[in-house]
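Structures incoming, each one as structure tokens.
Common to both upcoming complexes is subunit A, partnered first by subunit B, then by subunit C.
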Partner chain A sequence: MKKLTPYLLASPYLLHFGLFVAFPVVFSVVLTFHDWNIIAPMRWVGLANYERVLKDRLFWQAILNTLRFLVVHIPLQIAVALLLAELLNRTIRGASFFRAAFFLPVIVSGVVVTILWQQLLGFNAGLINRVLVSLALPRVSWLDDPDVAMYSIALMATWKNVGLYVILFLVGLQSVPVAYYEAADLEGATEWQKFRHITLPIINPTIFTVVVLSTIGGFSLFIEPYIMTEGGPLNSTLSAVMYIYKQAFQYYHMGYSATLGFCFALIILFVVVIQKRYVEQENG
Partner chain B sequence: MLKKLGVSLCYLGVSLCNNLFFSACQRNDTTDARPMTFWCSNNGPEIAFTKEFADRWQRTRPDKPLRYQPIPEGQSSEEIILASVVGKTTPDIYANMWQGSVEMYAKAGVLVPLDTIPGFRAFITARCDSAVLREITSSDGHIYQVPWKVNPIMTLCNTNIVRPGTGEGPPYTYGRYLRAGEAVKQDRDSDGYVDRWLGYTEVKAIWYQRLFNFYPLYLAASNGAPLVQNNRAAFNNQHAIGVFRFLQELYRKNYFARERLSATRDPFLDGRIATQFTGPWQVSYLEKYKESGLAYNFYPMPVPDGHTGPTYTYGDPKNIVVFNTCRDPTTAWAFIKTLIDQPGDLRLLELTGQFPRRKQLDTDPFFTPFLQRNPRLKPFAEQTRYIKGVDNCEVIVEVFDIISQEYEACVIFNKKTPEAAIADAAKAVDVLLGG
Partner chain C sequence: MRLLRYTLLTLAALSFIYPFIWMVSASLSSESGLGDLVLLPQGFTWANYETVFTKIPLGRAFLNSAFVAVLTTGLVLISGAMVGYALARMQFAGRNLIFYLIIFTMTLPFQITLIPNYITMVKLGWVDTYFALIVPFALNSLSILLFRQAFQSLPQALIDAARIDGAGELRIIFQILVPNVLPTALTITILTFMGLWNEALWPLIVIRDEPTMTLPQLVTLFSVGGRAEGQLGVKIAAAVMLALPIILLYLFFQKHFIRSMASSGLKD
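Entry: the complex of A and B
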């Protein structure tokens, strides 16, 4: 019995892991070799789903869209979060209020935020365009122009998530020893020099964490385009996750959707490994 | 202590298994006595309709208990039905099945072929014309659905803005409609942007939105031609190209709004749009919310200049099916018959304002008093002679999605010619169908 006890104690977790993690992963890999619409029996198709992924123009467009989102979203998120964290790190009045205010959008439901921004970004009645018109500036098709829509979504996503990264950067900034700044002050360093040569190297691990978290979060982009644009216009906001969802739950191509998911996971892994190598190189 | 914990966990596991096992057995033991279940849609008037007929059935056939309920809440009824098919928790009878979904379920073998029930064919043949019977016959030759109700898509027109008598009023040809667009388009607040349009139809590239713009216009132009025939795309023709060109023109000339108007006050009631492609459900809505002075009427869909023959449209058919979990399909059919005989159909009209899919409804004396009392619905009654559902194709949703993608590129963004867009869509559909 003594030998069994550790297994019994671990069994709830193992059961949960087996049922909700291991089994779905193995099952989805098996699915990639099948054609299955949920209600009819599975049909073995070999590597046909993988062949189709290579030829699927829309999937690769969705990957490009997602990368386009990331290219705007990550630098913007880091820049804004770092700037806000730097400001909040100073002794200003009402710092706690501002910290809470910046964090508020993070805890508000993504759907609610998305609907709110949809109203703000409307072409005729949207508040942002009304402000532009009042300033004698032309209106912008924030969500209906294929060249602009993804950037509008990136802007909104940055606003929604920046609070979380502000908190992470704040923790990083507060770990910088004050003595370093005092020494730099004695040497006559400018604010920018202090930031460049003291702050940045010390908070580098935080930046890497933020980059990885934003990358994974960005790759899972779904709610915002799903609600705001349904992937349009001209598929310019169709994200990879949304396309996988569409294949599974709109067309019921479960096997193909699993294959897309599997390929997409490999792409994410590849990007994160490259990021990690880059940061490791930077850190010497 | 640990030993006790281990024993307790084992006991918990065993009792859980026991409970699951015996509860499953118990369910099987009692299923013989379970009442027949009927799922209706979850809108108020249809629930009232179902309740009335279920109660009547209970009174007349207490030996065959029947329980009705609105379809469980979910994102869409299609999603719920799929989940129930997967979980084998389907009702015996389901009303409100979109015709385009039936073929998929039929091929999966989860529906009862109704034409194998004695008396079905004779009843349906008396109720519907041969075109409807052809439309609902599955590729395997069986019939898995009872054609029940339709909501024909027509052109709603604010006759104060688009005045008949000017020569450009309804009924519309493409030429008349476009000229009306020029007359209606307006920048009312002089800010340099158009804020009154001839019409609005959803610009998003979502497949089902094409059922309310491209598809009824295609049916109108082509006298009800199919999109898919003999497992090939059948829409690479002048009718589809003409519809794309017509719609493209409407957007290019700013007669239709490209922006989404759905987030603001109803644009038709607000006078920001003068026409709309919509169904009979709009009548009760308009009557409830219209301001005094609003004059409107319904007309057939616009057709190409020089069009001859009747004007077909999409009928948005919702049908009744019996799932193979039903233990007594004959009784299920007996109940369904009570919903779709003449009194049943009249009650559907009275309670829901939706039209039964039966032949010659507009001239049938049984329905005349109702139509006289509800003149706003008369154009729809007349239109029911010329309606189509969707083709019996397992991947019809993807077909509409492909058309939708090309619609967006050509009609909304003017990136392709109508000829190229339709040809590309047809090619993609052929690939999809394995051609």
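Entry: the complex of A and C
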């Protein structure tokens, strides 16, 4: 009995792992070789699903949309988070208020943030265009222009998540010994030189964390474009998860959807490994 | 320089807070007063909330969300403490294997398991039931790892003393050890509850039946489908209902929210 105790205690995990991790992973690989609409029996199709992925322009457009999202979202997120963290790091009074304010969008549902931003980004009545007009700048068609819509969503995602990265950067900045800056001051270093040669190397691991988390978050983008634009205009905000979802739950192409999911997971893995390589080289 | 710093911080803080204030104010404004961007409602009215409650079963969805989030969070705490304890304080064959499986699970993109998990729900007959919303989330890898780490740091004497008093393993875990790692338990509670309350994709997949729908799901369908009929105030009122509980919790537990998210490095 005594020998069994640890296994009994671990049994919820083993059950859960079997049912919701091991089975789905194995079954999804099996599924990629089949054509199946859930109702009719599964039909073996060999590599046909994979061939179809390669020729599926909509899937590659969805990947491209995600890359466009990431290209704006990641640098913007790092820049804004670093700036806010740097400002907070030097100021003492009211710091906890500011920190709490920046963090507010992080905790709220993406559904809420999206509904909110739909109004902020409106062409005529939206707050952002009103500000632009009052500054004598032209209105931007944030959500109706296929060349712009994905970047608008990237802007929104930055607003939603940046508070979390401000906190992470703050932790990083506070680990820089003050003596380093004092020494640099004696040498007559400029603010930029101090940032480039003292701050940046120390917070580099945090930057990598932000890049990886933003990449994974960007790749799992679904609810924001689903509510905001439903993938339009002209599929310019169709995300990969949205496309996988549509193939499965609108067209009931279960085998093909599983294949898309599998290929997409490989792409994510590839991108994250490359990022890791790059960062290690930078540090090496 | 100092002034510039405060000005920038204040502007930034405003840009994060103001939209939420506008949202609450807009939800209490009449449709004609809605275009304004002021802080107080224009033509104050509860009509938007009345419409939301009559048009969609928002009250029911609210209770569904609360029920699912509270129950599942409880289960995550129980299962996390049990598995975490086994991994932290017991010797058994396969312990390292389980540890590596947990790490593997955490790095697995959910896109792979999405469809097979749905099929599992179909085969178990759980589609359109609370089981589909609760069971897959009743255990999570992060809570096991956090409990494991917290339990490892406790002195063995605590456990030995309880054993001498004749306590069983479950009593040791839940009456002796968990009360000693309350900050960890709070972190897990906050992260789990928040994730569950905000989750929209999974309910969209496994629930088609309106009385079982969760709040974020219903608000999503309401916004995407035509039922808001272009009535902006109604849509925003639904969003306020979804945001309010988590914001209230946040105002109470602000420090813990920030600490738990920062220490886990998680998002969404």
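Throughout what follows, the second predicted complex is superposed on the first by the 273 of 284 C-alpha atoms of A that agree within 3 Å, B and C clash if a C-alpha of one lies under 4 Å from a C-alpha of the other, contacts with A are read in each partner's own complex, and residues count from 1 in each chain.
Everything that follows uses one rule, which is that contacts are C-beta pairs under 8 Å (C-beta built on N, C-alpha and C of every residue); 3 or more make two chains touch, one makes a residue touch a chain.
From a predicted model like this one, the values you see are computed outputs, not experimental measurements.
Set side by side, subunit B and subunit C differ in how many residues of subunit A they touch, and the one touching more is C.
In the superposition on chain A, contact is made by A:A125 with both subunit B and subunit C. Look at A:I39: by the touch rule set out above, it reaches subunit B but stays clear of subunit C. Look at A:E230: by the touch rule set out above, it reaches both subunit B and subunit C. In the superposed pair of complexes, A:A100 makes contact with subunit C only, with no contact to subunit B. By the touch criterion stated above, A:V71 is placed in contact with neither subunit B nor subunit C.
In the superposed model, A:T5 makes contact with both subunit B and subunit C.
Once the two complexes are laid over each other on the shared chain, residue contacts for A:L137 go to neither subunit B nor subunit C. Shared-chain residue A:A265: touches subunit C; no touch with subunit B.
After overlaying the two complexes on the shared chain, residue contacts for A:A183 are found with neither subunit B nor subunit C. In the superposition on chain A, the residues of subunit A touched by subunit B in one structure and by subunit C in the other are 5, 9, 38, 119, 125, 230, 249. Residue ranges of subunit A in contact with subunit C, taken from their complex: 3, 5-7, 9-10, 12-14, 16-17, 19-21, 23-25, 27-28, 31, 38, 83-84, 87-88, 90-91, 94, 97-112, 114-117, 119-120, 125, 127, 130, 159, 161, 163-164, 167-168, 171, 209, 213, 216-217, 219-220, 222-223, 226-227, 230, 240-241, 244-245, 248-249, 254, 257-258, 261-262, 264-265, 268-269.
The touching residues of subunit A, counted against subunit B in their complex, run 1-2, 4-5, 8-9, 11, 37-40, 118-119, 122-125, 133, 139, 141, 144, 146, 229-235, 249-252.
Here subunit B touches subunit A in the complex through residues 2-3, 5-6, 9-10, 79, 82, 85-86, 104-105, 107-110, 191, 193, 195, 203-207, 258-260, 263-264, 395, 397-398, 401, 405, 408-409, 412-413, 415, going by the rule given at the top. Of all the residues in subunit C, the ones that touch subunit A in their complex are 2, 5-6, 8-9, 12-13, 15-17, 19-20, 22-23, 26, 35, 37, 79, 82-83, 85-87, 90-92, 95, 98, 101-102, 105, 108-120, 122, 136, 138-139, 144, 169, 194, 197-198, 200-201, 204-205, 216, 219-220, 223-224, 232, 235-236, 238-239, 242-243, 246-247, 250, 254, 257-258, 261-262, 265, 267-268.
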